[in-house]
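One structure is given here, and the rest of the page talks about it.
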Amino acid sequence: QGAKIRLGYVSPQSGPLAAFSEADQFIIDGFLASDAGSNFEVIVKDSQSNPNRAAEVAKELIIDDEIDMMLVASTPETTNPVATTCEAEEIPVISTVAPWQPYFIGQQGNPGDPGSWQPFDFSFHFFWGLEDVISVFTAMWNQLDTNKSVGAIFPNDGDGNAWGDPVVGFPPVLDAQGYTLTDTGRYQNLTDDFSAQINAFKAANCEIVTGVPIPPDFTTFWTQAKQQGFNPKAASIGKAILFPQAVEALGDQGHNLSSEVWWSPSHPFASSLTGQSAGDLAAGYEAATGKQWTQPIGFVHALFEMAANVMGRVEDSRDPDEVTAAIAATQLSSIVGRIAFDGAGLPPFATQNVAKTPLVGGQWRLKDGGGYDLVIVDNSVHPDIPTGGSMEEIPS
Amino acid sequence: MTMLALKNVSKSFGALTVTDDASFEVPEGQALGIIGPNGAGKSTLFNLITGNLRPDEGSIHFQERDVTKVSAMERCLTGIGRSFQIPQPFEKLTVYENLLVAATHGRNLSERDVRDDCAEVLERTELIKRANTPAGQLSLLERKRLELSRAMATQPKLLLLDEIAGGLTEGECQALIRTIKDIHAQGVTIIWIEHVLHALTSVVERLLVLDFGKVIGLGDPDEIMASKEVQEIYLGIEV
Amino acid sequence: MALLQTQNLTAHYGDFQALFGVDIELGKAETVAIIGANGAGKTTLMRSIAGVLQNDPRAVSFDNKNIGALAADEIMAQGVAMVPEGRKLFPSLTVEENLLIGTYGRKTDGHWNLKTVYDLFPILAERRHNPGTALSGGQQQMVAIGRALMSNPRVLLCDEISLGLAPVVIKDIYKAIPQIKAAGASMIVVEQDIAQAMAVADRVYCMMEGRVTLSGTPDSLSRDDIHNAYFGANH
Amino acid sequence: MAYTVTTQTPASRIATILGAILVVVLIVLPFFAGRGTIQDMFFILTMLVLAQFWNLLAGYGGLVSIGQQAFVGMGAYALFGAVILLGLDPVPSILLAGVAALVIAVPTAFFAFRLNGAYFAIGTWVIAEVVRLLVAQWKTLGGGTGTSLPRDATRDMWFVEGIEEMLGVRSAAARDILAYWLALALALATIGGIYWLLRTRRGLALAAVRDNTEAAKSVGVDAARMKWTVFLTSAFGTGLAGGLIYMQKARISPDAAFSVTDWTAYVIFIVVIGGIGTIEGPIIGVLVFFALQALLADFGSWYLMTLGVLAIVIMLIAPRGLWGLLSERTGLHLFPIRRRLSGGQLTTSEE
Amino acid sequence: MIWVDTIIQGILLGGLYALFAAGLSLVFGIMRLVNLAHGDLIVMGAYLMLVLVTLLGLSPFLAVFIAMPLMFVLGWVLQKFLLNRTLGDDILPPLLVTFGLSIALQNALLEGFSADSQRLPTNALTTASVDVGPITLGVMPLLTFASAVLVIIGLNQLFYRTELGRAFRATSDDATTASLMGIKPANIFATATGIALVIVTIAALYLGLRANFDPNIGPARLIYAFEAVIIGGLGSLWGTLLGGIIIGVAQTVGAAVNPEWQILAGHVAFLVVLLVRPRGLFPRAND
């Protein structure tokens, strides 16, 4: 076939989530320049960080641009509307950079009723899940000497509701591991005051804080916590401190904050597309843009590795059913680790649509000349990923 | 029957008392004239009667029913029609549509039912040629005529006219007088505020004099005009 | 040569034409009265002169300069102050502040200042810290006149300063006019109270329906002339 | 000779014929147009409905609301609730969406009618925020996360199978066509309904109240009831549109469904660009808005910047909108409402 | 004790909201202008200071003094050449124009600074606290509150003690009559917006020091600011402070009950106040 294979790609290039998409252009350029990439045409659409818009552009890609497959990345606010649209349109879609629970459960009609949950026919997702982040976080906390009292700030959004979910979220696991959890309830994003939470954490004598706030909210929380004399030994936070700029915004107060690490230059994986190592890819990005590497780089790259790999295994890229079958049969060693929809580490309902990638824990360390480095401090679940140090307490 | 009765009505704007303990009655079918210097509170009295303003004290009775708390809209429906001293046309509507609003809503009828009535009113007030002109484009005199026409279109039992004769030529004035006499002859009760005294006195049967919100005279027009008080305050304009 | 003059002045409110080619003149140290029925266009004329309404740039001249194109504040700065119809005090300002604001656009060392205005209307000194709107109508009118005087205008436009006031109060206010004249201002006085107007004016214009229908000195106009011009009867 | 009243003009007669042809073309559009066109048309039609109702509210009723997203969101959530929790079919649930919007419109009006002008505008905005925050606590419908329509419900939707067979298309396309036809019906009913309203004596009363409220009351117009009628009607219609829009999107979240930008700000933009206080204005406005989006949306923030600047420029140079500009120049009205009296003494010299 | 703490934290938060609202209150009070871009202007002020801080290596507390005159000029120009043309009885033109301004500004910032969240450089002061009995209060929130009070006092002095303030009030009462006093309403309005943007700069300082900002956070703050202004009553600056405090306290008390109700409680407080007093707590006599 002479015509190129058409990929649609939706990501939040503008709006509050834009930091996730900073490396998009770099990666797509690299993909198209690669051998496999030369068979593809990539049509990129901006969700403007708006779920409405994400669904709209997904439809445009399917209907006007007649794409063969959809790729989508970054937060349930982007992946879910796009995946739902593709599912309805019967177009294969691969998504990433959203924990699988908010992705999977968030697309169910009634998230509160597991009995009603159904697998998807055309939607596939690779990333880690809450169970991974919980085990990484607890492993990090276990390195410290604490009273095992945890305070949680979970917002009322896709991630927060999943993390705080009494069934699939943090509460049952922490309970099982002997932690006591103080969860005051789901606050709205862009809240200006966290005194209520801080008071509750102080009252419960929490030495650990966790949560998945958006960056401005975490800054507000953390600054107020310091102001009001609340000094936990560990703060393991998802989402808010993913990006170095967000940590730098905390001034000196970001030292030893910990976070989940999905990808880093020291991950011992290589690209199936270019053969580059993780370190090479990150270095290439830093050289090309002058910016510090960020975690989504690896996953967005892996998304295009997936596309190349899947399409390499199909006869007719325009046949959604064949493409879907090829995705389901993927066995790929990618720059983020192995991707296979074999149900490893997943509950039965999710095995069909989700593949898990490794997760480790890291801490932000203040560099001498200013700025922060992300140091991997826990690899208990994935020992193949090297650590750069061990967990330290936050200086109070 | 008493068409309208005011009992001890007072109204102030801040420190300024504009209507001061006014009481009077208008029997059905009568034409009453109101005179008084500028700012005496004549127009305010109309606003109180029509419900565009609420009195601070006292009560207003229409056809022996207390309407003090009744809204302007409902008072119109029960039969009070008015013209505004400063013409208040619906500027974007045509002259005919201005009347149509009044006739359909004021009488609660369909457009079809009132079409000929509206046209007839326009004929009587000599606005018919301007029927399809937006009211915003009318001259002042035409606006005043529109005020009268629109009030007539609601077919009121009590018609309140606020200075509609100012600035007319003698001929126009006579025509206006004829029109008002006509309406009066049909049994409509009329209250007319006017500075053009000869026009007023040729129609009304009684005259009320207002000064500083107070009723200072009420009775036969000739007697009132001859009274010393009225000579003093009102005809102060005499050179 | 006239100090202030209008030539073929027209004015519109949207589609509605309120003035049709009005010509009036005001000489130095002269007082002119403008009379006419409600809606004749007197206020519109004042507003056009004061620059509140836009007009033909050449329609108004003051001191031999065209001021028709100037904005109200610029005209005021040239020395034309207005006492607007309905007094229009600033409710958020006290009596004294209302007076002081009169000098905003024109600060001069003329006869009029806070002290001389209080001398003219002593009652205002007593009420100086009250909000302007808490005064009686006559007192409010005094504030409005005082406010206009504060800038020591060369021309003072007074729009119906007797409106809605009791005869005794009107008398009080009109008592101030000779003093204002004596301090050097020329005046245009709009009045419906013909007797008052005639008493203070050097010349009278009578308006009807947006046009000047009659003009002359008070002595030269008969009662009938005025009546006709005023009410428009017997054309 | 007796008097007669007409509203038709030669231009409007031509417009009626062209309009009828256009309607027929729109109805049969799915038989020959691609899915892209159908979806674009769905977007245009639903935005048009929202714009017409906001125009009814602000342009005719003088009620400048910036809280219409409350009704879009409420309608949408009612539809999802009816489908997911009650197991109803999505198509009839659209009616429930309208009813739900109506239900919250009543207390909203009680509150907001105490306020005027800018206070009214901000009051409605805050109320919409409150509704959004409350809905975000509705855990069974996904809370702040949002939720999707169950696939079974959308696949087995009324009429879908029929359309599949009739047009020989896949189910996804059939759903689009169904949504399009519903949107077309809603848009036609909206425009027809508003036009009808304006041609009744209530429409006259609306115009009168807008011109001069005090005078309108004095000739017997019930201004308060007009306000209620307009507010409730537009809430109902906005709710229907909200239900329909989210039936087609099949996915909802509070932030999306109660977005002040998407459902009110853009709608205001459409109405004002096109020309407020006319039926034609929103039609022109929505076409301009769509064209802009189609041309510029790929430029991300530049698109939105352009939109912002355009809003400013249009407001300054043509405050009555594009249609206002056009009809001022040409006197053209596609939906004439002016009643012209003729006959009688007018026959001799029609002015 | 927790309740006392909750209420005090709410009052301090109210100071921040009052600071957000003070400029809006000025503009809304003087010319009834509903400025939907106010929140974005605050964000822009924060970026301006960020640029100054990065380029000149200044402390934010110094940068604010350089930013103020720049913002004043911006406000003056904006009002004189754009917003003045939208004033009138109809509230739609200002709504649409400031909405256009809001999205244009947001996206221009996005183009210029990307969506990364930023923060003004912090120092020890940011997290410093003082103990008042059993309650620990942040120095920064106290400073914010104090600034809000100072801004309100300053504005009141300006309004009631200066000729300019008289002109503000007069123009606000009746622009036409004010022009008869030699006042140029267009310039008075421009000056008012200039001053409003000076206050916006102060608000931006605390916004930028307190937490992260990015080009999109303006509108979320705008609604609180409007609420504070309306609760307080049109034109009442102390009312605006009180309005901010009411919303702040409602939020912290709501959050203490359950964080789910935090923001809702602020809005509900607003609605309740308006239900009882549709013109706010301290309305002007003549509106």
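The letters A, B, C, D and E name the chains in turn, as written, and every chain counts its residues from 1.
Operating definition for what follows: a contact is a pair of C-beta atoms (placed from the backbone, for glycine too) under 8 Å apart; a residue touches a chain by one contact, two chains touch by 3 or more.
If you want to know which protein each chain is, UniProt gives these names: B = Amino acid/amide ABC transporter ATP-binding protein 1, HAAT family; C = Amino acid/amide ABC transporter ATP-binding protein 2, HAAT family; D = Amino acid/amide ABC transporter membrane protein 2, HAAT family; E = Amino acid/amide ABC transporter membrane protein 1, HAAT family.
From a predicted model like this one, the values you see are computed outputs, not experimental measurements.
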| item | value |
| --- | --- |
| Between chain B and chain C, the fewest steps along chains that touch one another | 1 |
| For chain D, the least number of touch steps when starting out from chain C | 2 |
| Most distant chain from chain C by Cα centroid | A |
| Longest centre-to-centre distance from chain E, chain (CA-based) | B |
| Length of the line joining the C-alpha centres of chain A and chain C, rounded to whole Å | 76 |
| Chain D and chain E: spacing of chain centres that average the CA atoms, whole Å | 34 |
| Mean-CA-position distance for chain E and chain C (Å) | 42 |
| Cα-centroid distance, chain B relative to chain E, in whole angstrom | 51 |
| Interface hub residues of chain C, defined as touching at least two other chains | 133 |
| Where chain D touches two or more other chains at once, by residue number | 133, 137, 301, 304 |
| Junction residues of chain B, two or more chains touched | 91 |
| Inter-chain touch pairs (all) | A-D, A-E, B-C, B-D, C-E, D-E |
| Of all residues in chain E, those that touch chain A in their complex | 2, 5-6, 9-10, 13, 16-17, 107, 110, 114-119, 121-123, 126-129, 131, 136-141, 210-214, 216-217, 220, 224, 248, 251-252, 255-256, 258-260, 262-264 |
| Footprint of chain E on chain D - complex, ascending | 58, 64, 66, 111, 114-115, 117-119, 121-123, 125-127, 129-130, 133-134, 137, 260-261, 265, 268-269, 272, 276, 301-302, 304-305, 307-312, 315-316, 319 |
| Residue numbers on chain D that touch chain B, as the complex places them | 2-3, 5, 200-201, 204-205, 207-208, 210-212, 214-223, 338-341, 344-346, 349, 351 |
| Chain B residues touching chain C - in the complex, by the definition given at the top | 14-16, 38-40, 85-86, 91, 134, 136-141, 163, 166-170, 173, 195-196, 198, 212, 233, 236-239 |
| In the complex with chain E, residue positions of chain A that touch it | 14-19, 22, 49, 156, 184-188, 190-197, 199, 203, 215-217, 219-220, 223-224, 226-229, 243, 245-246, 248-253 |
